[in-house]
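The chains carry the letters A, B, C and D, assigned in the order they are written, with residues numbered from 1 in each.
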Amino acid sequence: MIKNDHVIKIYYRDVDQMGIVYYSRYLEYFEEARTELLVSLGLDVPSIEKEGVKLPVVTSHCDYKKGARLEEELRIETFIDKTPKATLLINYKISNNSSGEINVTGYTKHAFIDNESHPIRVPNFIKDKLAKYF
Amino acid sequence: MIKNDHVIKIYYRDVDQMGIVYYSRYLEYFEEARTELLVSLGLDVPSIEKEGVKLPVVTSHCDYKKGARLEEELRIETFIDKTPKATLLINYKISNNSSGEINVTGYTKHAFIDNESHPIRVPNFIKDKLAKYF
Amino acid sequence: MIKNDHVIKIYYRDVDQMGIVYYSRYLEYFEEARTELLVSLGLDVPSIEKEGVKLPVVTSHCDYKKGARLEEELRIETFIDKTPKATLLINYKISNNSSGEINVTGYTKHAFIDNESHPIRVPNFIKDKLAKYF
Amino acid sequence: MIKNDHVIKIYYRDVDQMGIVYYSRYLEYFEEARTELLVSLGLDVPSIEKEGVKLPVVTSHCDYKKGARLEEELRIETFIDKTPKATLLINYKISNNSSGEINVTGYTKHAFIDNESHPIRVPNFIKDKLAKYF
């Protein structure tokens, strides 16, 4: 398994009229957290794109358990549980960084495409980076 | 079945470095479209909240089929297929308004809560508005 | 003078914990409105970019008069008062579409650059489109 | 003078089709940075609001010097240069955290209002926190 922890803080821009984080913001947090996971593997987005590869999201899913509020710190745990085949599955758990109470869980699924947007197999340079974890 | 169609247009703010709509924006489009569906039923958000009721999202799900591009017009079809029980399920299909090609499908699930954030049964004023469609 | 009117509606995604539109959203509304003004002149963004020209924002300014609330309809009036020289100045007035009460006024200033991001003079195809209004 | 430095990183969500940060995002960065400045003074937003005070933005201004790109780190320097009278003026300078090259400068002006949205004088608890810096 590959795992990364990333902590963020909630600002006014994130919070809606109910006083809780607006539901689409969690997909932005997911993106931030998986970027940091990929960076920790030596797979920052510019490096991946320099190889002519993109990882577009093909599915996103969020289960909202508890609204997060202004100035809370959230821990985003990001997991890759298995070697990608046609797609890469990334799981997320977002919880309050003090209490541990869970706010959101979810996942994203990513395809591998080339510069002409054609689906491709998992590129070797990505496979190599992931191999040692499984 | 309850169904509403809503057309939007894509602007620069929506589009990322790949030249396609950033993935979290679709949840904003879903919100806009379901608001219009609810308005068409006489259930605008301020009216619902005046009754002391909120419909927080408990799940969101998107399947991304094809990236939408700058200045495209998108048709968002919003469906309620069945009477809500504990939760209300709303389905979405987003497609190019000219070609009909599908960009995104997805759904959101909503709980009913009162002002103290306690889960409640489907309120009668909502049941009544939906009843004639099923 | 060139003038365009554009009406938008406020959704949950736009509104913060104070119950009013979050301040950066107005820059998105400005972009939507100036895009529609430019489209009305035959200057949609893809057409401009096809000519190898971009109009990056070099300055933005907003004066916030009155917070706009959920489900309000806002009228965005967009003005070009004078022929662009080095930069194009666009003015905005956002008001409640029923009462006429002003929410926000502001402006954006745009440079003209080529594909290598070098500043260029106002391109002729843009000058021609604007000429008849001044 | 009061000054705070805050570093952020640019993610995909922030970047538009030109490959640079979309112009409204800087107002979100300003908000994040001024929140951290206020926190450093013991003036976090929930504390201020608990006193029945809000600091709505009445003016925002940005000068965009150079587009910031994906995965760049930006340093946001936030300044309060003088004691607030009717309004509080906050200045910002955003630059590349490695090269020091400036991306954006700007300011926001904030009013003081009570819970009924009436303008009020600078509250004493805020004056006291700021006094020692001037």
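Assume a residue touches a chain if its C-beta (ideal position, glycine included) is under 8 Å from a C-beta of that chain, and two chains touch if they have at least 3 such contacts.
In this text the structure is predicted, and so the values were computed from the model without any measurement.
Student: Comparing B-D against A-D, which pair counts more contacting C-beta pairs?
Tutor: Contact tally favours A-D.
Student: Taking each chain's centre as the mean of its C-alpha atoms, give the chain farthest from subunit B.
Tutor: D
Student: What whole-number Å value describes the gap between the mean CA coordinates of subunit A and subunit B?
Tutor: Each chain's C-alpha centroid was found; their separation is 24 Å.
Student: Roughly how many whole angstrom separate the Cα centroids of subunit A and subunit D?
Tutor: 28
Student: Report, in whole Å, the distance between the mean C-alpha point of subunit B and the mean C-alpha point of subunit D.
Tutor: The computed centroid separation for subunit B versus subunit D comes out at 33 Å.
Student: Listing for subunit D: what residues touch at least two other chains?
Tutor: 12-13, 24, 28, 31, 70
Student: Going by the contact rule at the top, pick out the subunit B residues touching subunit C in the complex.
Tutor: For subunit B paired with subunit C, touching residues are 11-13, 28, 31-32, 35, 44-46, 70-71.
Student: Within the complex, which stretch of subunit B touches subunit A?
Tutor: Touching subunit A: residues 18, 20, 23-25, 27-28, 31, 54, 56-64, 67 of subunit B.
Student: In the complex formed with subunit C, which residues of subunit A make contact?
Tutor: These residues of subunit A touch subunit C: 12-13, 15-17, 19, 22, 24, 70.
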